[in-house]
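The following pair of complexes shares a single chain, subunit A, combined with subunit B in the former and subunit C in the latter.
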Partner chain A sequence: MEIPYNSTQRPDTGLYNAKVGIWLFLASEVMLFGALFSAYVLLRVGASPGTWSMGLMNIPVGTFNTVILILSSVTVVMAWASLKLGDFKAYKKYQIATILCAAAFVLVKWSYEWPAKFTHYDVTFKDATAAKDYFVAAYGDNHSKQVTKIAKDRYNDPELQITQVPLSGHIVGYKVKGDTHVHDVGKVMNIWNGAWFWRINWQDTNMVALNCPKDITAVILHADGADDDHAKPQHAKTASLSTDAHSGAGSKHHGVEIPVSRIKRLSSLEPAHSPFFAIYFTLTGLHALHVLGGIVVLSYNLLPIGTRLWLKDPDRFANRIETTGLFWHFVDLVWIFLFPILYLL
Partner chain B sequence: MSDHHASPEYYHGLIKKFKAVGYTLIIATLVTVGIDYFVEKYEVSFPKALAFAMLVAVIKASCVIAVFMHLWWDIKWKTISITMACTFFFFAAMMYLTITSVNDVPGLDNSYRKLPGQAEHSALADK
Partner chain C sequence: MQTATHTEVHHDDHSHAEQSFWTKYIFSTDHKVIGIQYGVTALVFLLFGFGLMMAMRWQIAKPDQPIPVIGALLESVLGNVAKDGIISAQLYNVFGAMHGTIMVFMAIVPLGFAAFGNYIVPLQIGAPDMCFPRVNMASFWAFFLGCVTMTVSFFIPGGAAQAGWTSYSPLATSLPTDGQTYWLVAMVLLITSSLLGAVNFIATIIQLRAPGMTWGRLPFFVWAQFVTAFLLLLAFPPLEAAGVMQLMDKVAGTSFFLPTGLFISGQPATISGGGSPLLWQHLFWFLGHPEVYVLILPAIGIVTEVIANSTRRPVWGYRLMVGAVLVLGFLSFIVWAHHMYLTGMGNKVATFFQTTTMIISIPSVILLTCLFMSLWKGAIRFTTASMFAFSFLPMFGIGGLTGLPLGFNFTDIHLHDSYYVIAHFHYVVAPGTIFGLFAGVYYWYPKMTGRKMSEYWGKVHFWCSLIFMNLIFLPMFKQGFDGMSRRMSDGGATYASGEGVLGLAAESIMTNTIISHAAWGLAIAQVPFIVNFFWSIRNGEKVTSDNPWNSTTLEWQTPTPPPHGNFITQPVVYRDAYEYSKPGASKDYLPQNEKV
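Here is the complex of A and B:
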């Protein structure tokens, strides 16, 4: 028995079956992302000072990804138009271009944007004295400008207290109890081997959580944009600080040695870092899952198992590409709103 | 799109529209990013920046929905228009309820900024 209206329109609705289905599905998707967008609004309005840390977003990378998704939207609709013109070769060309764009989008997220956040650390201090000490250690005479810059650029709030402004950078080493040697972190601080779980709990600063060595006494942080040569004299003035992450000669990394006892909180820019990163990873993660799902369907429609329908029923195959395209445009649509709210505003 | 067996000229015309929308979307994206730098440089207020960014996003979304998703041609069909209307209504209601209720929740206002003596403890003062 043949199911009616698979490739032709039903007279009363004017639509074929799959089109009704995809529009109903997209309506449910609007509700899903709508709930998360409303959660974003609530979290943003309710964020405590110094927690809405969106100033670290990489705008050029976000722009690149936006343009990539727009291009993929054009190619997917061109693939459909090519089928309508009976040009299967052009369809394949555009479909491959769409998949490449989608893969590039996910690749940028997976290999660059997310790992960069999981390996980037924020340290906030127990008191203003400690905060000032370590900002001076990292930035020398420029520490005052740096605090203002972070408060303004990253949090858009120049009134933040110095204890609310984090010293940011990469952990390049650590010290453990009973050992004065600085352990090189090197490639260990990589998202994919689990070291990104380093976190110092802000309720109990002596507790070093998860994958951190349990008896850690200090971390060596290479602060963002710190001029090592400039900062060295300042380190020398502060007895409790060490300039180098590595004690040996010829070390490549310089950093500020921060005893765990002075730290209020240490965390990478992971979801647990702040409400901003929680909603950032939720929204971009869910969106990336949709992109991955799209890649699977787009690929199926390019492989022989999918394209054989073109030989059997070209109209139905074109309809299938149209419905796939509708889903893909929705993915683009979501990103059109995600980009400004997560990267720009 | 309902024209299942339209002429090749019809689809060639559509392709031109698709390309035009694609260029528009890319230009609008670059404009949004450019305005963001402008906003930072000239310290434009957050509500104004938000309004502009959302306006551009809505224009871009409308282009995608109308042309790429063929709604310009398909909206005449009740199944789609009613589905879209219901979706829009529920989405708008959800955002309206969220936005209008943020001040009802304790702690979800920024009144800490108005505390007396706040300026003395600012980052600038501590430095």
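Here is the complex of A and C:
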């Protein structure tokens, strides 16, 4: 006996099998992301002042990604509608557009947004004196303004004091027992797309310095917005992650030399940085995996191995595209929630 | 499927060509083969998980004495943690964590839900297969990979996970070994497997019921599996999310579950902090409690089938039971924090969960009462299967009733984390669920193989198991009242000489020895089962009909064993599930597909 209702609807439920299956799968996905959203809420509500470092997201880029995902939602529906009208050529066109949008989304994340975080460093100091010293070194007379700016833009909490905000920027070099190595760590990391083994992180007496000598004595930090390069106006924006590590002129920055003895914690904006970045990378990473999975399925149904079903059983093929589309809408919908909670709110 | 004409069995286009050994038995898409694959794998892990416990019981009864024979083997395989054949505290923790994990996720759930569900559900609803046969195969192989990962973790440096099957952070995260990482990866695979299985089961039950098989005519076993599948579908993903977060804590240095100011071994931890240990517990128990019903519901389903068949009368209160199981499924999502009364989550929260916990006992009692009522005026057949099913009732009853003091937060304060808890939940899952599963094995064995298992050795297996099970778990209630903690690798020997609140009553420690001997007795009691199981495949009593127990449900209306595609002709259902001893009928059972 063949399995019934693979391509036709069961009269009493009005559904074909795969549609029931995909809705159940999506229900489970809702619970998966729901748990992560609830973790987000709990972590955010429980965060101490000056730890929810959310204001560094690149909103224009996030908006761009939102727009292309919504666009792909439209094209995926058009692809299915074309099949229902029997227009296979139009289906192909629309589905290729969907895949291009999806690929663009992942590309922006992988090659731009995530690496920008991994190359951006936060330094917190052991005491107020150290904090003041290096904020002054980086920003001169503007330092208190800068502290307020970071407190407001990044933590949405203007009350934060100088000891509660990090000095933030790109590391342009380091010192080993007196020898200065001018070395654009940020640039190297960009080549590797921010892979973890290029980090130099520091916490009190315990250093995680995987690509640097263990006896590192100081790091040279080019603070965000420190006014040393008027040719690059984006340096003035503290709150957004500019990509000046890309500029290729890293060694020209006038960095501030900070001895490690005065650093409490040095960390790039990687998952270990703070609960915010932990949940940010987990949520966007899991979402990106879903996008990649979507690309695989969408591509399968464009290649001969998938499309031969169209010749054999067009109804079933259209159903397949419909269920793919339902999954794709879900992936979009997740992003519609992710964008505000990670970028805007 | 409008046509009920004589469709050839091998009509579907998957089976035109003769199947090779590999596609027929290994990478099979046939729900029955997959069911058996699940069943065999799960039985192996059931025995393995039991073996871990026997080694632990040795250490509890005879602290720091070498285990005879097996001790040398453990030392040669695992090295220093079993030095001189003695179970070290570290190895005890490994075994404890893995006993729980293996029994819950790799033995009972795959046996009750996946094995019996896969084999029986499509047959009982009159379907040719599951909705998505290839997804079904993927589900088994994801499960198998998860099992392999979990097993391999025993042999990595430092051994397997040590933080209990609950894997509470920060303990689980801060242990310096990689066992926990393997545990998490394996869990993600097992969860993937159960997700694929759950989707498949629900879709199959909704879509592939035979003509005439209305919701009200479904055998109760199918209802139980239906609710179980929903629990797996919706409760497991939060654990998967939690698992991903703990994996991030473990490998990427995040602090999801690690609080600010955490010290590990006297050193400040190099983490950002700011996480919440309670978050893990909430997410874990959000799965963990529905999981209890995932363990018990398939067994209740099996017991219902066996009881109806062996009392020769309809199940008492079928509709009531269906209602109860649906309510139970729903409520099981809002009772989880009764596992967390001692975490300091607050009185108001505790009161809420205490209330829902008391409410959930109502549908449980309804189910049990209906089954007891079904025995009334029955013409009972005492087969091995039915005896396991009958004994399920009082055993599960003890397990359920002893849970009430744990559901009240004021009594839980005393009993929490004591041997009382162990006794309570083992009464639910060991003499409870496992007896239900044994009933299923003895009951459906003739359908799967065409031969019955030996009744004589079956009864030996039953009586010995019943006696030893109770000898193991009954004394544990007493130990728990005496204040014996459940996590002592030496069975409390350290506290034997203490006095007052710190001291343990001497008889509590003596009881350890009795329990351990009973555990080894229980192991010996399984020998007749194992031998019987394999011996009967070739030598058991041949069944003379396709329906040896004279049952009403559809799985017995197929050839024995059912071929790929199950039914020779499309079955049409005319009757309720349990039309036994109908007045005026020519025989004492009327199959569901017999015309009115």
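Here is the rule we go by: the second predicted complex is superposed on the first by the 290 of 345 C-alpha atoms of A that agree within 3 Å, B and C clash if a C-alpha of one lies under 4 Å from a C-alpha of the other, contacts with A are read in each partner's own complex, and residues count from 1 in each chain.
Quick note on the criterion: a contact is a pair of C-beta atoms (placed from the backbone, for glycine too) under 8 Å apart; a residue touches a chain by one contact, two chains touch by 3 or more.
Note that the structure is predicted; figures quoted are calculated from it, not measured.
Undergrad: Put subunit B and subunit C onto subunit A via the superposition and say whether they clash or fit.
TA: fit
Undergrad: In the overlaid three-chain picture, which partner chain does A:Ala128 touch, first (subunit B) or second (subunit C), both, or neither?
TA: first
Undergrad: Identify the partner contact of A:Ile59: answer first if only subunit B is touched, second if only subunit C is, both if each is, neither if none is.
TA: Touch status of A:Ile59: first partner only.
Undergrad: With the two complexes superposed on chain A, say which partner A:Thr282 touches: subunit B (first), subunit C (second), both, or neither.
TA: A:Thr282 sits against subunit C, while subunit B stays out of touch.
Undergrad: Would you sort A:His329 into first (subunit B), second (subunit C), both or neither based on which partner it touches?
TA: A:His329 contacts subunit B only, not subunit C.
Undergrad: Which of the two partners, first being subunit B and second being subunit C, lies in contact with A:Lys84: first, second, both, or neither?
TA: It touches subunit B, and subunit C stays clear.
Undergrad: After lining up the shared chain so the two structures overlap, which partner does A:Ile3 touch, if you call subunit B first and subunit C second: first, second, both or neither?
TA: The answer is second: A:Ile3 touches subunit C but not subunit B.
Undergrad: By the touch definition at the top of the document, which applies to A:Ser274: first (subunit B), second (subunit C), both, or neither?
TA: The answer is second: A:Ser274 touches subunit C but not subunit B.
Undergrad: Have a look and say if subunit B or subunit C is in touch with more residues of subunit A.
TA: Looking at subunit B versus subunit C, the one contacting more residues of subunit A is B.
Undergrad: By the touch definition at the top of the document, which applies to A:Ile305: first (subunit B), second (subunit C), both, or neither?
TA: Neither partner.
Undergrad: Go through the superposed model and pick first if A:Leu42 touches only subunit B, second if only subunit C, both, or neither.
TA: both
Undergrad: I want to verify one number: the closest Cα approach of subunit B to subunit C after the superposition, in Å.
TA: Superposed on chain A, the two chains' closest C-alpha atoms are separated by 5 Å.
Undergrad: Just which bits of subunit A does subunit B share with subunit C as contact spots?
TA: 13, 15, 20, 24, 27, 31, 34-35, 42, 46
Undergrad: Which subunit C residues qualify as touching subunit A in the complex?
TA: For this pair, the touching residues of subunit C are 1, 7, 9, 11-13, 127-129, 131-133, 135, 195, 198-200, 202-203, 206-208, 233-238, 240-242, 244-245, 248, 252-256, 260, 268, 270-272, 274-276, 279, 283, 286, 565-567, 570.
Undergrad: Would you tell me which residues of subunit A are touching subunit C in their complex?
TA: Touching subunit C from subunit A are residues 1-5, 10, 13, 15-18, 20-21, 24-25, 27-29, 31-36, 39, 42-43, 46-48, 51, 196, 203-204, 206, 208, 265, 267, 270-275, 277-279, 281-282, 286.
Undergrad: Subunit B touches which residues of subunit A in the complex?
TA: My answer: residues 8-9, 13-15, 19-20, 23-24, 26-27, 30-31, 34-35, 37-38, 41-42, 45-46, 49, 59, 63, 66-67, 70-71, 73-74, 77-78, 81, 84-85, 128, 131-132, 143-144, 147-148, 151, 156, 158-165, 315, 322, 325-326, 329-330, 332-333, 336-337, 339-341, 344-345.
Undergrad: Can you list the residues on subunit B that touch subunit A in the complex?
TA: Answer in residue numbers: 1-2, 4, 6, 8, 11-12, 14-15, 18-19, 21-22, 25-26, 29-30, 32-33, 36, 46, 49-50, 53-54, 56-57, 60-61, 64-65, 68-70, 74, 76-80, 83-84, 86-87, 90-91, 94-95, 97-99, 102, 105, 107-108, 112-113, 118-119, 121-124, 126-127.
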